[in-house]
Structure formats: C-alpha cells, structure tokens
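In structure tokens below, several structures.
Shared between the two complexes below is chain A, which pairs with chain B and chain C, respectively.
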Partner chain A sequence: MVAYRSEFLVWILSMNMPLVMMALWTAVAADGPVGRFGQRDFVSYYLGMFIVRILAGSWLVWELTMEIRSGTLATRLLRPIHPLWAFSATQLAAVPMRVIVLSPLVVVLYWVAGARLPLHDPARVAIVVAAIAGAWLLLFLVMAIIGMLAAYVESALSVFDLWLAAQSILSGFLVPLELMPAWVARVARVLPFRYILGFPVETLIGLESNATALRDLGVQWLFIAGALVATIALWRRALRRFAAFGG
Partner chain B sequence: MIHVSNLSKSYRVHRRPPGLAAALRSLVRRKYENVHAISELSFDIAPGERVGFLGPNGAGKTTALKILSGLLYPTSGKVTVGGFTPHERRTDFLRSITLVMGQKQQLLWDLPPAETFAMNRALFDLPKREAAAIQNELVELLQIGPLLGKPCRQLSLGERMKCELVAALLHRPKVLFLDEPTIGLDVSMQSQLRNFIRHYNETTGATILLTSHYMADVAALCPRVIVIDKGRLIYDGDLKALVRRIRPEKRITLHFSSVPAPGSLDRLGNCVSHSESQAIMSVPAAQVTDAVRAALEQLPIADISVEDPPLEEIMREFLGGERPGTGGGTP
Partner chain C sequence: MKRVLRRYARLLAVQIRTSFTLAVQYRFDFFVEGALAVVWLAIALVPLAVVFARRTTVAGWSYPEALVVVGLFSMLKAVLDGGVMPSLNHVVDGIRKGTLDFILLKPADAQFLVSTARFEPWRILDFVGSIGIVCFAFHRLGRWPTAGHACTGLLLFSVALMLVYSLWILVVSLSFRVVKVDNLSYLFMSIFDAGRWPVHVFKGALRMLFTVVFPLALMTTYPAQALLGTLRGTHALLAGTGGLLFTAVARVVWQRSLRSYTSASS
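Entry: the complex of A and B
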C-alpha cells in the first residue's frame, strides 16, 4: 500500500505543474497585465490547463513501450479485443477517479482565486466538450504512435521526451501562446501540440470566439483523423516487428 | 484442427562484439544476421488430440506456439488452426484458442483472480450465468475457491498457475497451446495440473499442444510427440514407438529382502545400478518375462516392477545422436 500511496503522491505532484505556472505568472502580472493577461486571466488559464490535464491526460506511451519491450503485449493480443481499445478503456476509467480526487482543488481555486470559466452558452459547452474529448484522443493516438516505435527503436521513450519538450512550448503549457512571439504562435497553430492543451484551454476560459473555436475544432479533428490513419498503419507494421520482442 | 505446412520463421538479429569500441562502431555500421528459428516445419493435428511438442532449448517450440496462436507472423509457409489463419487474429479465432505460458501471466497482478475472471468474462462476451457455471466447475476441479479473493501478487507460484488455467479456459477454448505449464511447480502440483488438463481434454474434446521440459508431463498426457531441433522436424509420431526405437529395453527394478549372492544379477541382463537392497536391470523387451521369472526364482525378491527407461534419458539420447526420422504416425 505504501508503494501505491507514494505513486499517487508523485502523480498528484506531476499534475500540479499548471498550478506552479499559475503562481509564477500571477506574480509576474502583479505589476500590470502581460499582453491581455491580467492576474485573473492567468489564474483562469492555468486552472483551465489543470482541468484539461485531468480530463485529457494519458500515459499510454509508457505502458505500451514497456509491454512491447517486455513482451507482455502478447497477453493483450490473445484477447478478442483490440489492445488499443483495452488501453483506452483503462485510461478512461481513471478519469472519474482523477476528477473526484482533484475537483476539490479546482473548486477552491475557482472561488478563492477568482478564475473565469464562462460556460453559460450551450454551444460553447458543446465545443469545449468536443475539444477536450479531441485533446484526449489526439494525445492518446500520438502516444500510441510513439509507443509503437518501441518495436523499431530501443528507446521510444526518448522520442517521446522530444515530443514533450516541443509540446511544453508549442502547446501553451508553459506560456500562453499569444504571449509568445507572433511567428511562434503562427507555427503552433499548424502543429498538433496546441490542439492537445492550448486550444481546449483557450476555448474553456473563453479566449476564443465560438466561430474561431469551431474552426480550430475542425483543425483538431483533422489532426485526429491523420493520427488515426497513422496509428492503424503503424500498428499493423509494428505487430510484424513485435516478433523480435516476443518474450 | 491444426495444419502446418512448410512453416519457416527467421529473425533479423543485430550482433556485435562486447566493448565500448564495438558499441561505438555499431552506431555507424550495424551488422545483422538472419536467425532461422523454424525451417520447413510441417505437421497436422486432429481435433481432440493431445500432442507433446518437444525439443532442446532454442529448438523453436515457443516460436512455433506463438505462430500457431497468432502472436507472430510466419516468414513463409501455411498455418491454419480450426480453419483460421492465426496471424490475422480474427475475433472468432481468438475465442477458440488459448495460450498458457508458464513464465508469463495474464492475471491482473494487483487484483484478486476473481477480477481477472470477471474481466475475461466481459472481454470474451460470455453470458453471465454460463461463465459462472464454467468458473465454478474449474474452481472446484482445481480447488482454488479460497484463493479467488486474494491479491494475485500474494499467491504462490502453483496457486497462480492454477488461477492462470482458469482464466485461460473460462471461454472454453477448443485448442489449448500450453507452453511449460508446470514449470517451477512441485511434483504434487504438477500432477494435479496434468490430471486437470487431461480431464479438460476428455470432457470437452479440446485439442492440446504442449511443450514441457518435464518429461513426466509428456509421458502422462501425450500419446503423440512432435520433436524439433534447430527449427526442423526430427520426429512426429507415437511416443511409445519412439521409446521402443531409441531404447528397445525395459527397466526391471528389483527390491531385495536380503543381500543377493555376488554375480547372481549377471544372468538377468545389464545392471544399470545396484545397492544391497535394490538393483535396476536393463533387459530387452522380448526377454522381460524370462528375466522376471528367473529373478523371482533365484533372488530374494521383496518387490519387483517393470518400466520403460526414463523419458528424459531417451530424449537425451535421441537429441544427442541417433535420429530415427519421422515416425509416420501422424493421425
């Protein structure tokens, strides 16, 4: 039980990175707004980031690489359900638990720090739900693609580290994209990273109009379609390679 | 039920000598070589058969089982199991087979076995009542009732293996691939599992292909054996016929009530081992009756038994040198 509790603690701490960024940026904004971000906007942004990470987080890449390298993926392959369905079920099943554990913190921050989550418009709510579902799916598929590289390279997790490094900058995780140089923000709009974090957060806290959010939702789901095609194609090829790691 | 024709499987393996220099060199120029795990393997297994799949370490047994269960793609050749091509891994195929690997587990490590059973029931889409009936029957046969609520990580190896079997058989597979199912178990537990496997085969008519390094498993379960070495078929046929070919002699074990006279054993056959209270003689099968009669008449016998030589010894001799070829006993 000690192992589980400590693992749980590490997970909670790793989930809290947006709160660290929130503290940092609200301190920076104490002397005046940064761009159009005042203190309250930063609180809203990073609270939104925290919520999106709770709802759309995934750890597939670690599980998949480990199972391919150790050969334990074989057990899943013998079941009459596609392993990615099984993985997705496990990960989605964890969302309610995350919500239960972390929602008190969200509520406290919402009331105490005065975050803004303008979700009165049903159309906006629908877009937010689709954007968060899309963020989860996109991250899941990206992790599936990178995880399957374990059938080809010895350390797929290093590839994922590269992805994470790019994602932390180009998704708006560390700094809201609109505070970045204009060309960085432009580049970020045509890359998938923003659609995993920044876009659902911006939609959730009302930084984007419904029309812009809908357009971006379309882009997000285009990325999802592309990732899905890549996942299916790579899955078939990776399974042939899995031979060498059969265990 | 199982048809294998000219099956070959080769792996591309990276090789390099040890040391830092070789490691750095291999970053620039990697050397690969093809390892042939299975070469031109062919056999057929009829529904309901129990077949032992034997061979030394690295012979290709596990690779073949993995191909048959759809985990690996063959390099060439044709394989069908129950009419399905395994590597396509169609749902109906996966519902009809099971692969139990003694060194791998499918039980959820942190949860009690009952949770794995419930998960498998859902994954295989088994009706609740039917699954419960099968589970109860298997649990009773293997006597694991008290273990169902215990976390898997706290079970002993033997207890876990029994639970593995229940998890693997809940969906009533028609084909069982068993890879070292008794590895690491004590003699009593091995015997229990063997009885269970035989019972399952006899009551369901399932086809069983079993690999084991414990020859007792093979002797108890498999009338037919397929022997491969370096990926090639070297024998396919009746186990007893193989034993007769390799060692046409029988073993007579004599237990004495008093120390026999010196030289009195010489007339019976070759003495394999002896002490004051016991002797093991090797006698040609045709002369066993005469030898037993002579022993009873001339020696202070307390007990006597006649057996085939140990299968381990026969396999060691077979794989070490003599090759009688395929037995032609494929049903």
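Entry: the complex of A and C
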C-alpha cells in the first residue's frame, strides 16, 4: 500500500516540467510583460497546465502495449465488457484522488489569477469542464490508437514518443502558443495537439472569449469524433491480428 | 595495485564488447531511439529560441551563453543515457528478480560490475552533436575559452559526470527498499531536465534545491561558467569538493543498501 502511494506521489512529482517553465518565464517577464503575458499570467498559465495535465492524463498506451505484447489482453477479451470500457473505468476511477491531491494547487491558482478566472460565469464553467473532459477523452483515444499499433509493430511506444515530442511543442505545453511565431500558432489550431492541453488551459485561465472558446470546443469534439471512428475501426482489425499473435 | 587495475581494465573491455554485440543485435531499436534523441534535443532548443527572440538577456545570460549550458546539458544527458542508465536499469531489474545474486557472487567489486553492465554505443552520436552545439555557441560568441578556462571547464565537467553517476547510484540504492524504480528514474530524468537552464533563472528555494540537494548548478551551470570564464574561483573549489563528497556518500550508501539486499527468494 505504501509502495502504491509513493508511486502516485512520484508520478505527480515527475510532472514538474510546467513548474520549471513557469520559473523560466517569470524570470523572463521580470522586466516587463511578454506579449500579453505578465508574471502573473505565466504563473496561472503553467499552474493551469500542471492541473489539466494531471486531470486529463492517461497511461493507456503503456498498459495496452504491455498487454498486447505479453498476451494478457486475452483475459480481458473473455470478460463480457469491452476492454476499452474497462480501461476507461479504471482511469476515471483515479480522477477523484487526483482532484484531492490537486486541490491545494487550485487554491493557489485562484489566489494568483483571482478575477481572471471565469468562475462567476456558469456558461464558461460548463465550457471549461467540457474542455477538460474532452481533453481526457481525446488523449485516451489517441493512446488507444497508438497502443493498438503494438499488434503490428514492435516499437509502438517509440511512435508515442514521437507524438509526445510533437505535442510538447504544438500543444502549448512548453511555450504558450500565442508566444510562438504566428505561423506555428496557426498550424497548431488545426492539429489535435492543442485540444489536449493548450485549449483547456487557455479557457480555464480566461485567455479566450466565450465565443472563441465555444468554437474551439466544437473543433475539439470533432477531433474526438474522428478519433472514435478510427479507434473502433482499428480495434476490430488489430484484434484479428492479435488473435493470430497468441494462437 | 597495478595488477588489480589491469584486471579491471580488461573486465571493462569485456563488458563494453558485450554491449556492442547487444547493440548490433537490436540495431533498429537503437536507431529509432537515437533519432528520437535528436528530435528531443531540437525540441529542447525551441523554448530557448522563443525566449531569446523576445529578450537579449535572461537572468544575466545571453543567447550564446545559455546555449553553452544547453550543450553541456545534452553532453551529460548523452553520457547518462548511454553509459549510466542502461547499466543501472539492469541492476534494478536484477534486484526485483533476484538475479543480482549472480553478480554479487563474482570475484570483482559489485559496484564496478553493475555500473559497467550495459552501454548504448549509439549515444556517442548525441555526444558529438552536443559538442557541436557548444562549438556553435562559442562561434556565435566570437571568442573561444582560454587554455586555463578550458581546463577548469573540463575538470568541472568531470565532477559533473561523477555527480550524475553518484545520484544514480543513490536512486538505485533506494530501489533495494522501494521495488518500483522505473517511476523513480522517470522522476530523476524529469528533474534533471531543469539542468538545461542556467541556474540563475531559478529564484529562492528552487535555486537552493538545484544547487545543494539536486546539484544541477554544479552539473551544467558551473562548467559552462568556467568555459565562459565567468566562474569565481571559490565557486569552482566548492563545486569540486562538493562533487567528491557526494561521490563518497553515494559509495557508502550503496554499500549499506547492499547489506540489506536479501535476494528475491527470501
């Protein structure tokens, strides 16, 4: 039990990258704001990033590749429930614990960003919740798709590494997208990466107006729909392939 | 003494040969990982580029100067990925499965054996690329380090290598108690990542943390300052003794942890 708890703590601690970037950017913004980002904006942006990343985080790709390689997926297939439902249920069950651990940070965020946070506007709160839920779902589906590649190739995890590499730049994870060169920001808007991290954070700390946020939410759920179709199609094919693997 | 040294040199040669054989066996995997390392290196440069597109200096560091730190950081990372991590991950596996017994039975120093168990030769490419970054930085700077500065830089860089290695030994020692270390190594790497920035970027408690507890400053910032000729003599001395002390502590902790190792069967 202690081992599991320490593991959880270690996992949270190893998500420290936004905090390092926060330190860096606040040092940069010490002598005047960067774009429309002052020191406080950077602090709330990266706190928001930290919170969203943990809330919407998922580890499906590692589980799935491991189960496919070792063949333990077979026992899941015997159960009368779709493995992806089971996977998503275990992951969602971890969310309340994450919320408890994160709650002090939310308080800090409220204290730093205060008036900027759109808490007084119920419509906005709804958008933020939908955006975070969508971010979780989108990442989950992407991980399912890449994880199922393990039925075909050895290095599915390397593929996911590539995805992570692209995501760290194009999602606003390292640098807020609006501080990137304009063309990068524009490209990022039509790619899925931003809708996993950058977009929920931007709505959470109030960088976007309600209208833009609502439009982006539509784009996010379009991506989700696309990913869902791809997941279902690929799942059937990969499963046939997996059966060939074990039998 | 001389005979012992010769014996260990021969042992090292054998271990390296084994790793090369292994690496050639899984060529494709190593190639993919090598390519990924280059991608990550390039990505690491993005925030730097974005920051210095807006400012000429950050916390007293100009773009080329910060680039020297990044270069040294990725040199260290290459050594870590290629020479330290694979071996020590191997030990952690051994601790969990109990196969560490076989190593302990061998008539040579256990720490030496486990530390040289695996190498990833392809990481040499990363190392060369990182030297390229440092050279590019000095080229941008328009001046090269004097012989004295280069010597201090080299010396401090070897201290940095020892530090990285010792920290890793400490992590592995911990794995005798907490079995699940893959997460710990992930944590280690994520903190180590902050070393790509000059330590002066961090303020207050964070700077203390990165200087004394997890001495990132000693690993990248000080060697870089030594090369740039901006490091104070007292700092260099402190870094040197600190590094040696850390290594000694790691050795003692390792030996103590080894005593509490009970193999997987018991």
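FYI, the second predicted complex is superposed on the first by the 228 of 247 C-alpha atoms of A that agree within 3 Å, B and C clash if a C-alpha of one lies under 4 Å from a C-alpha of the other, contacts with A are read in each partner's own complex, and residues count from 1 in each chain.
The rule is short, and it goes like this: a contact is a pair of C-beta atoms (placed from the backbone, for glycine too) under 8 Å apart; a residue touches a chain by one contact, two chains touch by 3 or more.
Predicted model, so just to flag it, every value in this text is computed and none were measured.
A.B. asks: Pick one for A:R240: touches chain B only (first), chain C only (second), both, or neither.
C.D. replies: After superposing on A, A:R240 lies in contact with chain B but is clear of chain C.
A.B. asks: Is A:A230 touching anything from chain B or chain C once the two structures are fitted on A? First, second, both or neither.
C.D. replies: After superposing on A, A:A230 lies clear of both chain B and chain C.
A.B. asks: Figure out whether A:M21 sits in contact with chain B (first) or chain C (second), or with both, or with neither.
C.D. replies: The answer is second: A:M21 touches chain C but not chain B.
A.B. asks: Between chain B and chain C, which one contacts more residues of chain A in the superposed model?
C.D. replies: C
A.B. asks: Look at A:A74 in the shared chain and tell me whether it touches chain B only, chain C only, both, or neither; answer first, second, both or neither.
C.D. replies: In the superposition, A:A74 contacts chain B only.
A.B. asks: Check the residue A:V219 against both partner chains and state whether it touches chain B (first), chain C (second), both, or neither.
C.D. replies: A:V219 sits against neither chain B nor chain C.
A.B. asks: Which residues would you name on chain A as touching chain B in one complex and chain C in the other?
C.D. replies: None.
A.B. asks: Quick check on the complex: what are the chain C residues that touch chain A?
C.D. replies: Residues 28-29, 32-33, 36, 39-40, 43, 46-47, 50-51, 54-55, 58-59, 178-180, 183-184, 186-187, 190-191, 193-194, 197, 201-203, 206 of chain C touch chain A in their complex.
A.B. asks: Touching chain C in the complex: which residues of chain A?
C.D. replies: Of all residues in chain A, those touching chain C are 3, 6-7, 10-11, 13-17, 20-21, 23-25, 27-28, 31, 34, 154-155, 158, 161-162, 165, 168-169, 174-175, 179-180.
A.B. asks: What residues on chain A touch chain B, complex-wise?
C.D. replies: Chain A residues touching chain B: 71-72, 74-75, 77-81, 86, 239-240, 242-244, 246-247.
A.B. asks: Touching residues of chain B toward chain A in the complex: what are they?
C.D. replies: 9, 11-13, 62-63, 66, 69-73, 89, 91, 94-95, 97-99, 101, 104-106, 120, 123-125
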